[in-house]
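Chain naming follows the written order as A, B, C, D, E and F, and within any one chain the residues start at number 1.
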């Protein structure tokens, strides 16, 4: 089977590992995007940066006759199928409609996803055995813990279709970036450009923050007026290539 | 193109036009289904009974660059495509994630759907120009009015996939029945059986209601004990086949 | 069995049939009560005034093994028991925790309650066959329609205990008054006094409204300053005993 | 005192009285506005068109010692002051933070506002004595009925400041248009231009609707392709000046 | 006074201390229970396992005249009474209707409950001085912190009646099990059987997790096919009696 | 410019640094205040006590044409202006209508506020780069993290007006006290008196807690009966003036 996603350019990945979701949100806002940050989805591992390419799993409300323990023996069952599809550098994105009345994935499947080299997991529903998943060595994001099996609330229905997650449209191949604030989704076509501008913005903000920490007012500094901008350009050169 | 749905058996349609969603909910409950009635979706025309077969339209959250007025010129745009697919005896079911911040369909498209012979429209989001749609001569259900175009909140993404609507799983071909309480979804495989048992239940309830109206207590009557059941069987015969 | 409630003094009943819930809310507010009006509970019959004494029915969340169709054959099942307890001048108040995912009572039981001479029904959950209940000749209040049987979401557990309904504490014997705005609950001990002061307030407001309709400003009129109060006292005498 | 708003150009008023909020929403969407329609605010009089200029009243949460019946004797109390400020062609817009636990205005004050020649009232909270207000001969919009006095939940704090209402920024002088769907807010600077383009759009939509009603598909018609546009231009001329 | 609950069989208690709520949820799901895990109730001490028998305390909405500081001097006031009733191995379960606008219990009472030998506290409302309670040496669960006294929102009304907590029916004597995901409620009649099957399931899951961690796919492993099951039975024997 | 607030009496500040928000809530409750604790606003630094005087910043919903990156160059833009106004001993209180779809302030501005000697920041919306703000050496409170710039959801409109925050009225000059439970607002006029009574209450509660920890029942102890009160007075003297 051919992969439906292409890997991220390593240079872009490096840039994205360095910039915050807040900076990316500003860059997206400048380009007319106001709704690319997932609402209600929190990091289990704020210490680990997420950068990866989206694979998706879609849930709809469960139906009592369809959603019983027997479905798990079928490897084509979409939840199980998705777990065995997601690969290196990819992130499994679960559209659970923001429902908080059942888990969406648990520790055993999350362990398998980690083993497959995935970059992380993002769900707008809860995790089961959330503490177990927190201990896995990769970034994961969810809407809190819930012990119920996903079949209590969900019918897994599709893999690798366009979904909504945390109120955000996610296409297969989009770039997800996550940090301690949460997760933002870059449309693939502009990911490189946004990454570069965000990296540049962060250099400038480091300069600004230093000035503020040294006692400067924000007036003329944040944002910079022409005098500060000149000062910045000198500082920038002194700093070297970052 | 072949239809993805088969028409409803006319005898079943007649039974379903006669029974209430409350009765159908009881029959489904007896079979283990607790979650087949749409929550938050109200009738514009409580005077008109809805009976039809599901076709579906799926929305995900909008993205600013994808969802502009230009998309409507493309007849493959899923919202427009769905309108020209739904046919006689069918119901267009719109999965709008229960979002209430934009319309999901308006008067011109609803008129077209009526013209195509459809049985009705069911959306878990609002309608635009809701009063215009109310005046159309068929049953329609939504979550209230909203003037915003669907692109303010939604990206139409798929037709004829399994969706959630009002918290209920809907498969293409499922049977929707609506009355003044709202809409219930019968899994296609059991629709005929449920319709027959519901019709039978309603005859019995007419008998019970007559007794209550005549001053009887509910004890032994609702539900019936053996004595009342016997009385009922006699009444049933006297009534004839209805 | 002795009734747990005493009937309302007929003179007080007459006063309460005349005053609005808005006026009663003001009188309660003056006495330090800010939270006696039910939120989210709407009239099916805004044309009919509700005045009655509370009997209560308490629901808790359902449990799958306890809440099946078989429970209805037991006349001690609290929902059925409550229906056969409520009597003339009384109102059945259903505490459904404001849950909107199932009906709380249906047309047959509501008909029986009407037959028993009850003053009305108030539920903070939905009704089944709401249109059927609307056609009954007494005031009823609920949170909209829902076709599911109450067992889908509720386990009826108690009758005639103190409950919450629409966010308001209701004791057995409290006085419920309802109009087109909704339902307010008067603690029994102060019902008579509140009724009298509310009736008096409404006479004054009729005077004020006449003045406003004649073009007066609200300044010095609503509320009245001394000059207007004098004018009012003269008007009051001219009007006679109301 | 000079008015903080200038009256609407009569020609623009006439255009706005003719067009729907759905059409205005489309025109605003084309100009980059996605969030100008009030969510959760419904018409009491869907038969009456609202067109008027915004005056505002801002509520914050109540504080027990500040918000007692005594405050109403002060004519500078913002709620009472606002009522005596709003004038012909103006709409009183109440920012109640969408709170649904108390009324925001009642029948006597609404009557006074009507007497002062105002164009309507828009609140994102409930009305007290909502049926009384419904009977007044002008368009009013709210979030349902509630009998509690506003002081139970609100502290009136300001008049004629920029507010949020139903999730929409409203500046004094903005143009509000309401119909059976609800209320939309036009920034004053673009109201005339939006009104003209909306009127033009509605002529075209009448043409489209006629074609759909006559059995046409939406393909090439909604939106129009070049052939239909030509046909439309001929129809437009035949129709005369509208 | 005789205890309304019987203590848990020590062997069952040991099993339950070992298994996760996720595993118990699966066992309950297999028996037809989809709704036994509390929603919105989080652990203050994820490091401490909760196993205990339910005692209950029911709150309804406060009424201004009933709920003042004076009520606390009465030892029969239900909140205070409940604190002095709960005993060794028991859990106090507070039904606060999921309201988040006031605390439901504070540090002094929680300390007394710990002193009485109770197994824990579970509330679907907030705690006051939550950090103080977190430091007590037993597992406690709530909906976050809130400084307001319970009388701001609640009227304590009953002890040891069937309640709802976090959307789940809880009977006196039911078995509560809590871990880092939250709390699940086992109907007393099936607690022993569920505990045994859950313990067995966890042994199998340990085997599965080891395989996944060693690089195995989930296909044929989770759930096990016949070959894996055979391998498991061998592993199981080698492990000894667990 | 003269300050709109007067500094807190140092003696009162010392008392407030010692007492918990739970104790203050009790003292306010005794004076008739039930609604002074912010709901949904959580501490980033539960280890740091907040005591300060309110300065305010008001947001309304954004409008696409008003809220673009260009606004930040204007030092009169209210968000930026507020940052340069707040001074030693003051707390910036942000009214974001409880909206959780965008940040309300970020790390650079928060750093500047700390540099200006402010006592803390309280917002009923999220923070951007929340982890960065958590590391600043002062108490801050918000509704979680969100990477979006405030302009995605908000239009900053006013400084130093009366606002609502977390459902609580806040006047400029009010006293905010925060601990691990959250934030409570003391009306300025009664802050000193409440502080003194709260400090006294905490001494008594320390005595009670010691008794409970030593095995005492709560009966007669919490609250104290006359015998315990006498014992307390003796203990109080032995403890000295504290």
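Here is the rule we use: contacts are C-beta pairs under 8 Å (C-beta built on N, C-alpha and C of every residue); 3 or more make two chains touch, one makes a residue touch a chain.
From a predicted model like this one, the values you see are computed outputs, not experimental measurements.
A.B. asks: Spelling it out: a chain qualifies if it touches subunit D and also touches subunit E; which chains qualify?
C.D. replies: C, F
A.B. asks: What is the set of chains touching both subunit A and subunit B?
C.D. replies: Intersection of subunit A and subunit B contact lists gives nothing.
A.B. asks: Suppose you list every residue number at the subunit A-subunit E interface; are over half of them used by both chains (same) or under half (different)?
C.D. replies: different
A.B. asks: Where the CA atoms of subunit E average out and where those of subunit F average out, how many Å apart are those spots?
C.D. replies: 32
A.B. asks: Could you please state the distance in Å, as a whole number, between where the Cα atoms of subunit D are centred and where those of subunit F are centred?
C.D. replies: That gives a centre separation of 37 Å.
A.B. asks: Centroid from C-alpha atoms only, then distance subunit A to subunit D, rounded to Å. What do you get?
C.D. replies: Chain centroid spacing, subunit A to subunit D, equals 40 Å.
A.B. asks: Two-or-more-chain contact residues of subunit F, please, as numbers and ranges.
C.D. replies: 34-35, 167
A.B. asks: Of all possible chain pairs, which ones touch?
C.D. replies: Applying the touch criterion to every chain pair yields A-B, A-E, A-F, B-C, B-D, C-D, C-E, D-F, E-F.
A.B. asks: In their shared complex, at which residues does subunit B touch subunit C?
C.D. replies: 20-22, 24-26, 29-30, 34-35, 37, 39-40, 42, 46, 167, 179-182, 184, 205, 208-209, 212-213, 215, 217-219, 222-223, 225
A.B. asks: Contact residues on subunit A for subunit E in the complex?
C.D. replies: Against subunit E, the touching part of subunit A is residues 69, 72-73, 75, 80, 83-84, 100-101, 103, 106-109, 111-112, 115, 128-131, 144-149, 151-152.
A.B. asks: Can you list the subunit E residues touching subunit C in their complex?
C.D. replies: 32-36, 60-66, 97, 155, 157-158, 161-164, 167-169, 187
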